[in-house]
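Chain IDs A, B and C follow the sequence of writing; residue 1 opens each chain.
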Amino acid sequence: MKFTAREIAALLGGKIKGSPEAAVTKIGKIEEAVAGDLSFIANPKYEHYLKNTGASVVIVAEALLTHEAPETATLIAVADPYSAFAKLLEVYQQMQAAGKKKGVEQPAFVAANAQVHPSAYIGAFSYIAEGAEVAEGASIYPGCYVGAGAKIGKDTTLFAGVRVYHGCEIGEGCTLHAGVVIGSDGFGFAPQPDGSFRKVPQTGNVVIGNDVEIGANTTLDRATIGATHIHDGVKLDNLVQIAHNVEIGRATVIAAQTGISGSTKIGSGCMFGGQVGVVGHIHIADNTRINAQSGVAKSVPDAGTVWNGTPAFEYRNSMKSAAVYRNLPEMQRQIQQLEQKVALLMQAFEQQQPGK
Amino acid sequence: MKFTAREIAALLGGKIKGSPEAAVTKIGKIEEAVAGDLSFIANPKYEHYLKNTGASVVIVAEALLTHEAPETATLIAVADPYSAFAKLLEVYQQMQAAGKKKGVEQPAFVAANAQVHPSAYIGAFSYIAEGAEVAEGASIYPGCYVGAGAKIGKDTTLFAGVRVYHGCEIGEGCTLHAGVVIGSDGFGFAPQPDGSFRKVPQTGNVVIGNDVEIGANTTLDRATIGATHIHDGVKLDNLVQIAHNVEIGRATVIAAQTGISGSTKIGSGCMFGGQVGVVGHIHIADNTRINAQSGVAKSVPDAGTVWNGTPAFEYRNSMKSAAVYRNLPEMQRQIQQLEQKVALLMQAFEQQQPGK
Amino acid sequence: MKFTAREIAALLGGKIKGSPEAAVTKIGKIEEAVAGDLSFIANPKYEHYLKNTGASVVIVAEALLTHEAPETATLIAVADPYSAFAKLLEVYQQMQAAGKKKGVEQPAFVAANAQVHPSAYIGAFSYIAEGAEVAEGASIYPGCYVGAGAKIGKDTTLFAGVRVYHGCEIGEGCTLHAGVVIGSDGFGFAPQPDGSFRKVPQTGNVVIGNDVEIGANTTLDRATIGATHIHDGVKLDNLVQIAHNVEIGRATVIAAQTGISGSTKIGSGCMFGGQVGVVGHIHIADNTRINAQSGVAKSVPDAGTVWNGTPAFEYRNSMKSAAVYRNLPEMQRQIQQLEQKVALLMQAFEQQQPGK
């Protein structure tokens, strides 16, 4: 997408200083922007960057029109640069939405009995298997796989290379980033007398609600029986692992590389940092916060608590233990000195006893 | 797959109560099942769920035929519901196997000198490179890549989007889930005098035995020289990292997000929890258990031991240290009090000495 | 690639003992090599493996020609086996480079206004979107996605299934392994009064320098505004997570499964172990070393320091704390004994005071 200063000024009702034909294709920070970037200054502490900015177009407050700026920078003066910028971001999103592709791009594979809405986009090299459904306005980028009987909801986007196994269901307005895997087999194996393992059939599926976002290369396993449930508004970052039969409540947010083990149920409104591990078969109450890299080994019964460490315990106490941990060598010295002093005291005391 | 109560009852030799035409397409837990689900009650403590179940067909013990159940639920009474369910799962697996596709689905890319058995399935958009071999009964789902000279064994399944680099070998009866990467370059770089790094050629491959299962988006690097070896019956969960020249012994099981560093050799029958890290160039004895999130920094010489923590040490001692860790702030207070008391005692003792 | 002993001896100026027609296709360690492998012995401590090696061709020092070796092994004697082997590896790389494919392999998707250099390779099932550029000598393996306006530099290789989102830029001589995702949305959501989250548009891109290697299934998010920057010579292992607006300095090396949170800036020449976590919005100085599994919670201001643990602190002190940690139960016993002794002392002292 390419815009001229003239178009942007018209949209924002702004005043141009410089070339109205200056064109931009993306947004950059004022201090890092290069030719072709649109930038903005809303905070006075960034004003000094204007003098040397590489941006081609800069949205500024009217007061900044008199400041020194490179000849390469066209300025657009508005009453409130921050609001103007927010408006631009909205327009950016609307244009992205308006620029969505429609129809089946060849070569793609759409099974005869799959149902693909005419307004949906199926990218080249994507595979829509038998009985799968792709609803109105959905975007399936190139190289995706939608297994037999799987359902992709209205206005949901699967970026390139997403794999949805058979029978899984994804709601409306979801975004799945490249490389996401939905519905791989849960990790279930029954030990046999000879030391080998026999696979436990994973007969369930994954059911994902609406407005869910799932980061690149994140994996969600299908349930052994029933469903792995991701409720409305959940946000999962990249490289997250969700095991079979897990349930994640509404609007819970989980950062990158965290793993949730099988059958664990997580409440709504929780926030987990990155690289957290949660054992299987426990319950985490609503609005629980788990600090990054923590290992949660037992259920969290009360809503709204904060946890840290491996094994995790209450955050503030955990931080106190961590602080003392750094002084453990000193503590050990203190104990040795105490032992010496007490030994001396006991020896001295015994020597002065009558009868000694 | 769709079954009626009549078909299921015939298979199990069961007695129908309700509509023999009730149809099911998947399996659900009695407490979560919805219309179209088959469920079962084998444990008396779940009997109370029968009254309100959403399942369309429920396998029950004969004694339960007299219990209250929704009109929407057709009951099938059998002598032993658990055995009946296990039998159904077996049939489910057999039918899945029977439903396997065969032949090359167009468009696919099969190099002229690649060898694909006529009974194998090559999904659309899959790429079988020069000299690669795909054996009898193997299933290569859509969007896979099998590099030059790579070998895929009999009855092995590569789900959608698996990438096998050139020269790697996968045995019989294996299952590789979506997004698995086999044979990417090991992480080997030689530091140069100018601070940069020069790539060490990774000339080896990955050799995987029989009955191995590998979870979604897991990565296994090729050896620098020789092979990265995964022996028969190994089970790797999702997002696991196996570095170059690693060897993993028979029937070892490794949970999600664990990473094994280069040239480490792991015995057979081991069980590793999730998010474990193991340093390079060490040996882990047979039947070792490593607790989740542990960091193993040295070899484990004796078979059958259990390890925990970072750096990991013997499990029970580690749990004791972890318990004391939570009380570190209290311990620090105790030491301070002891120091005060001992100082007072020493002062008092000195004051009462003759000559003072 | 297949070579005979005769060809190898000619290349190295070596002397053959055995069949000049013995053929090899890959390289194996002397102790593990099988038929068809080329091996070498440069270190005297490996000489005893010669007697039973399975290798078809072995490069040895002249003195070893008189040692016992299997009939299946053809020996090639050279003055310096290690240098000869290094030369062979170089030839191996040159031949791999010479064997690179060129042109667009059908079926591929190349948008009408995409620019693909005639010397570049576009594998089947790869997708080059509108306005994308693929430079001279670049190799795009099958099943890749290069989004709108993205740029792939000269001699850069994208192995199978790499996804580069729109507008991202990759420099020259880079290697991206299978399943890498470049430019997925940063994890940015603004909390709303009703407890839900609203997506913050991620308008930036990812800019990658020259000679960068990125491991399988690693993910790099695009910037919210501006760019996520990976500078020249950076090496990232498998399953690494790089969040939005992160900057990684020249020749920094990061091992598998490490995660860097948003807006953190990492200097040049750093080395991070595997499974490290780094919080957002901090600076890590040049040449910093972070031990595996550490959690870095604050900026590292001084260059050349070493860190360990969660939260990480200076390496040597951290190892001392870790050592004491193992003795915490013993330390607790010592404190209890001290308390008993001090209590006894105080009691005894009080009893002997005048007036008692």
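Rule of thumb we're sticking to: a contact is a pair of C-beta atoms (placed from the backbone, for glycine too) under 8 Å apart; a residue touches a chain by one contact, two chains touch by 3 or more.
Just so it is clear, the structure is predicted and the values come from calculations on it, not from any experiment.
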Copy pair chain B, chain C: interface residue numbering same or different (half cut): different
For the Cα fit of chain A against chain C, please give the angle of the superposing rotation, nearest 5 degrees. 120
CA centre of chain B versus CA centre of chain C: separation in Å? 23
Quick one: which residues in chain A touch 2 or more of the other chains? 107, 125, 143, 161, 179, 217, 239, 257, 275, 310, 325, 327-328, 331, 335, 338, 342, 345, 349
Help me check something: in the complex, which residues belonging to chain C touch chain A? 107, 109, 125, 127, 143, 145, 147, 149, 161, 163, 165, 167, 179, 181, 184-185, 187, 189, 195-197, 199, 201, 203-205, 217, 219, 221, 225-227, 239, 241, 243, 257, 259, 261, 275, 277, 279, 295, 310-311, 313, 317, 320-321, 323-325, 327-328, 331, 334-335, 338, 341-342, 345, 348-349
Residues on chain B engaged by chain A in the complex (per definition of touch): 26-29, 32-33, 89, 92-93, 105, 107, 123-125, 141-143, 159-161, 175, 177-179, 211, 213, 215-217, 233, 235, 237-239, 250-251, 253, 255-257, 268-269, 274-275, 292-293, 310, 322, 325-329, 331-332, 335, 338-339, 342, 345-346, 349
